[in-house]
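By written order: A, B, C and D. Residues from 1 in each chain.
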């Protein structure tokens, strides 16, 4: 074994490997603000609900709005393919695990109906909520005008990996710089990891960027195709791009860490890594009001010949209100996420999200005291 | 993924990741001294019992004194809220695990009674023991005069994260530099992690500093809010601040590593990382005389809307005397902690705590030979 | 512990410790080519089947060819020792685990028959498939002429560790530079790890190099003798040698990562680490058509006095077609390996294998979200 | 958290974290020599049996000699305290695990009888074997003359940590430079870790050095008192001291890695880290002829008030001959240790131990392919 190597490889970090160090000043949590902005839209809490069918139905999007956040509706899922999505959801929830991926493949082979796109958007808007919709790049030109026409406030263009330059034989590539000018709503794009890609996407004029390739609990992209970037490093890199873009242009692009967040602790770490907000899938799929009925699955699960993810059982933890705002008697970090965020802000002396981004982060592998010498009884 | 990152993150270490290297000189353990000082108070062993209700009752504080150490009584716990704390402790010990956090929330909602503060302190003092009491910053101005009036020797101002500067809307912040001059007892402050914060706190005139944010076995702060610093790094950093402060002022502030210590090995590592002493919770909650009855829970457990920790079952290991001084037939490091400390001092050629702080420490992940090839039978 | 150390040790990485970062450009998978060349032989997919008796029989070699890849027949295994290999394979499959290594030792003590070497090669050639055969250095001079005479297209000279210089008392060492000129077929040599050894082997005129010492699932070389190099580092090093050799001579030697690949993700990582192709054992032993009948064992398993590996139960996953090309409903990465490769190429913007080698790789320990907070039900 | 830290801590490595990289030349194992020398005594294999009562009885020492190695008899164990050691050994083997440490404490409280020291040595010498005996520093002046008088060839002065300078109140410290001149046998000293300590001990004129503090399977020193150095780093450091001492004086001190070696792979790694030989406890306690009857315990286990280790069940693997020289059908690395060593030498192109010390070592965490995707059936 000798000197030269074929390429350099650098270390990347996930939530489990880091912790937040307390600050030199502390503040009372009741003095902190958790406000997040996407273009001109402001939200009381920096939390979006994932564009997954088990998480965001039109009704859940309205509920998220009432709790201060934003639900993103998947325009290529069950709600725009089936007149009666509830029956389909029940079918998924009751399928045996061994057969469920094949079932999902069949269910998502049904075609998307534009009239359902329109009516879903209208349902959300009628409730008084802001409406955000997600489309894949392939379908953006077709579906996003329908949604915006029906009243959608924010368009999310989302696939496993999205870059500013895509080569395709079968359809003319989506040119973000053109699309952003044409569509009458702010555009969030994702998912992305990496400084240069993030910078290039920001230069097209987007308002927000979803960060995260392969980290979600319901996603096996990294196992199946080897591609994936741990979320702390992905967020650090994209946040660096945001700062650079802001310095160059004065335009602030919202960074949203999407995937892999399971607890209040992870959420706080995402912010300290530089995010302005987070997108949550499984933690919200655990809400009593979530349409998945105790299950969750990702957008790549029903892929016809290479599914990357499966239906996972996430259980039902409690009402969305308690998951987001508490109070709670659970001590595993899965409830009162906003309370946890405010507590972390207090310990770091941060009055707002922008200040929490300046807190110190350390590399500190997860604690595993339990089961070592003390037997923790939690039954 | 590109060059610039949003921030630097440095590696931090916990007890499981380090070991002590033997010295170039060895001494017989019987020649070593384990003395610790806090201001003018000297203790034969460098061990404090945590200000947790399951660890230190007034009676246990007296016992700690007789064994050479110091017990710290929590002035905001069961002993100052209830006339009959034993009934309350039994209620906690017999509650089902699923309901215990909610029960703790209710129990700690009862108000603190100043006359009980006074009588607790007097009980400890009458036994001939030194009396140390713990208060949170919010209640320091109200409760500490009552305690000192009743005879308390040392005041510990303690919360999850304490800094020299705290911003609050609801109460006027505690100014340590003023408080230290007013109160007629040496002041220990905590908890803290980080060189600059430690230095700033020392400059206010305190006598001791509790090191440790989020590492205890009964604490889930790091899981719930993401904040936490592994103890070896936290101690190294605060010890560096103590040296700097000593160099500048000639005043030696006692560094006490608080939380995460489970064995004699951990205790020794804390000293080698720079501590002058340690504060133990769960290892002493396992004493036959501890009031928790085989359980332990932290000060953040009964938080009304964001509990960070739960009741853990720690079992009853033996009398406090054996845990501290042996002899023992146990080989898991949980008994004869002082014997272990003296053995380590012998192997490192250290005559006293200050010399043991100079021993070499290495990064060495825990040994897991067991269950690999040899099946260790310990049943 | 002091300053000077006896030697430097550098960090090496395996598949579980790295991930691929997406590119700045993406392409549609249907635009990518997965072509691999060995000398003048081209293959549609960069996958060889291992020269293990449980993987490649003459029939399986033909099948591999039809699916776009290349099967390598072990010339020192059951097929050239027994007239009726199927009976022997069944004997192995039905032996109790405690006795199987001793049984394998007995079975492989039978002598190799040259007429069976010839007839195996002819069977493969008659099917229209390219024929690759594997021999150990000791038997190369004796067996390879027989095989080439019978029509073998590629000769693989393979042992646990092969170098350009071997010292032996019992037989005259094989001199690769001479052998390569004499034999009328391109030569692949292995296994190898390390830049200098790889470079020295390439200078002898070989056409391909097998990379991997001790990483296979059916191999315990690293446990038994301590020797082993994690595959990512081994591949990076040998790929660096290939580039250097190409720069010096203009001759491109095919690098094949052999061993330790379990999923599509691992396969993709091998390419990003610099491989031109991979050799798979256990993943193909799981094919319905594989001769091992749900088991696998390595070439070092039947060693008469120091077996290094044992028979492992790998199960039967499905037809070879699905393992290689899908479609699949499995989401653990073990099926549709070529689909996974094309998906990774798409995410990295790579039109061919050579471009995928230029993708970015990061150090990222495996994700273990499962069983942490969410209980994944996969039963 | 700020800039200055209290002390530097450097990374240390154990067997599980490293692997040996193959060499650029390979040799046939039958051409290699595994010879080890201690002063003028030469041994065919570089393996000593530990001075543990469950490993070396006088009869086992004779057997070790016949198999090419050296058994070291503990002069402060059961064989020199009891007329009928077999009864005592059986008592230990049949005690329930919960009571065995207390039993060991009682058994080793019996006094050492000098006439038994003499007769043990004579028994070994009469069998024609070289006789090595182990004493602790406290008892060296009293027991070693008795043993040497009776014919002991090598004296091993051994305790958990031994340095050239020891301070004691209760007995006059052993001065090695004096002792080495007085005693009529070569002296091996240990255990030791660290360059400076090793160098200082070598300067006293010793012939061999035992390396290893706290790594053995039957030792919990690192857990109980926090002191311990992973074996690869400990060996690298002491080997560096040996080279330095040799350069300065021309005298070659034998480095013996003692503790933590479980497999042939570990043994080979110890040599590559710089050892001239190894001392084995548990792997030889597993021999059918070992006196422990399937159990093992360390010298620190019976400590009267701070036992550091316990009786572990190691099982009976086979006759010593198979453990050392094979042949074997086991593939877990616990049998044919010398065959494994010769295989590693072959892969590294090393003709003798001194050449194997020059092989390359890499940092490579243990492989855990098993139980990931393939279910290995080994029942």
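By our rule, a contact is a pair of C-beta atoms (placed from the backbone, for glycine too) under 8 Å apart; a residue touches a chain by one contact, two chains touch by 3 or more.
These figures come from a predicted structure and were not determined experimentally.
Engineer: Please state whether the interface between chain C and chain D is built from the same residues or different ones, using more than half shared residue numbers as the mark of same.
Structural biologist: different
Engineer: Quick one: point me to the chain whose Cα centre is farthest from that of chain C.
Structural biologist: Max centre-to-centre separation from chain C belongs to B.
Engineer: To the nearest 5 degrees, please report the angle of the rotation taking chain A's Cα atoms onto chain B.
Structural biologist: 90
Engineer: Can you check how far apart chain A and chain C are, centre to centre, with Cα atoms defining each centre and the answer in Å?
Structural biologist: Spacing between the chain centres: roughly 39 Å.
Engineer: Averaging only over C-alpha atoms, locate the centres of chain A and chain D and give their separation in whole Å.
Structural biologist: Here the centre of chain D sits 55 Å away from the centre of chain A.
Engineer: Two or more other chains in contact with one residue: find those residues in chain D.
Structural biologist: Touching at least two other chains: 1, 10, 21, 193-194, 196-197, 229, 233, 263, 332-333, 360, 362.
Engineer: For the complex, which residues does chain D have touching chain C?
Structural biologist: Residues 10, 13, 18-28, 30-31, 193-197, 199, 229, 232-233, 235-237, 239-241, 243-244, 263-269, 272-274, 326-333, 336, 339-341, 343-344, 347-349, 357, 360-365, 367-370, 372-379 of chain D touch chain C in their complex.
Engineer: Could you pull out which chain A residues touch chain C in their complex?
Structural biologist: 1-7, 9-12, 14, 16-17, 97, 101-102, 105, 160-170, 192-194, 196-197, 200, 213-215, 217, 220, 222-230, 233, 260, 262-263, 282, 301, 304-310, 312-315, 332-334
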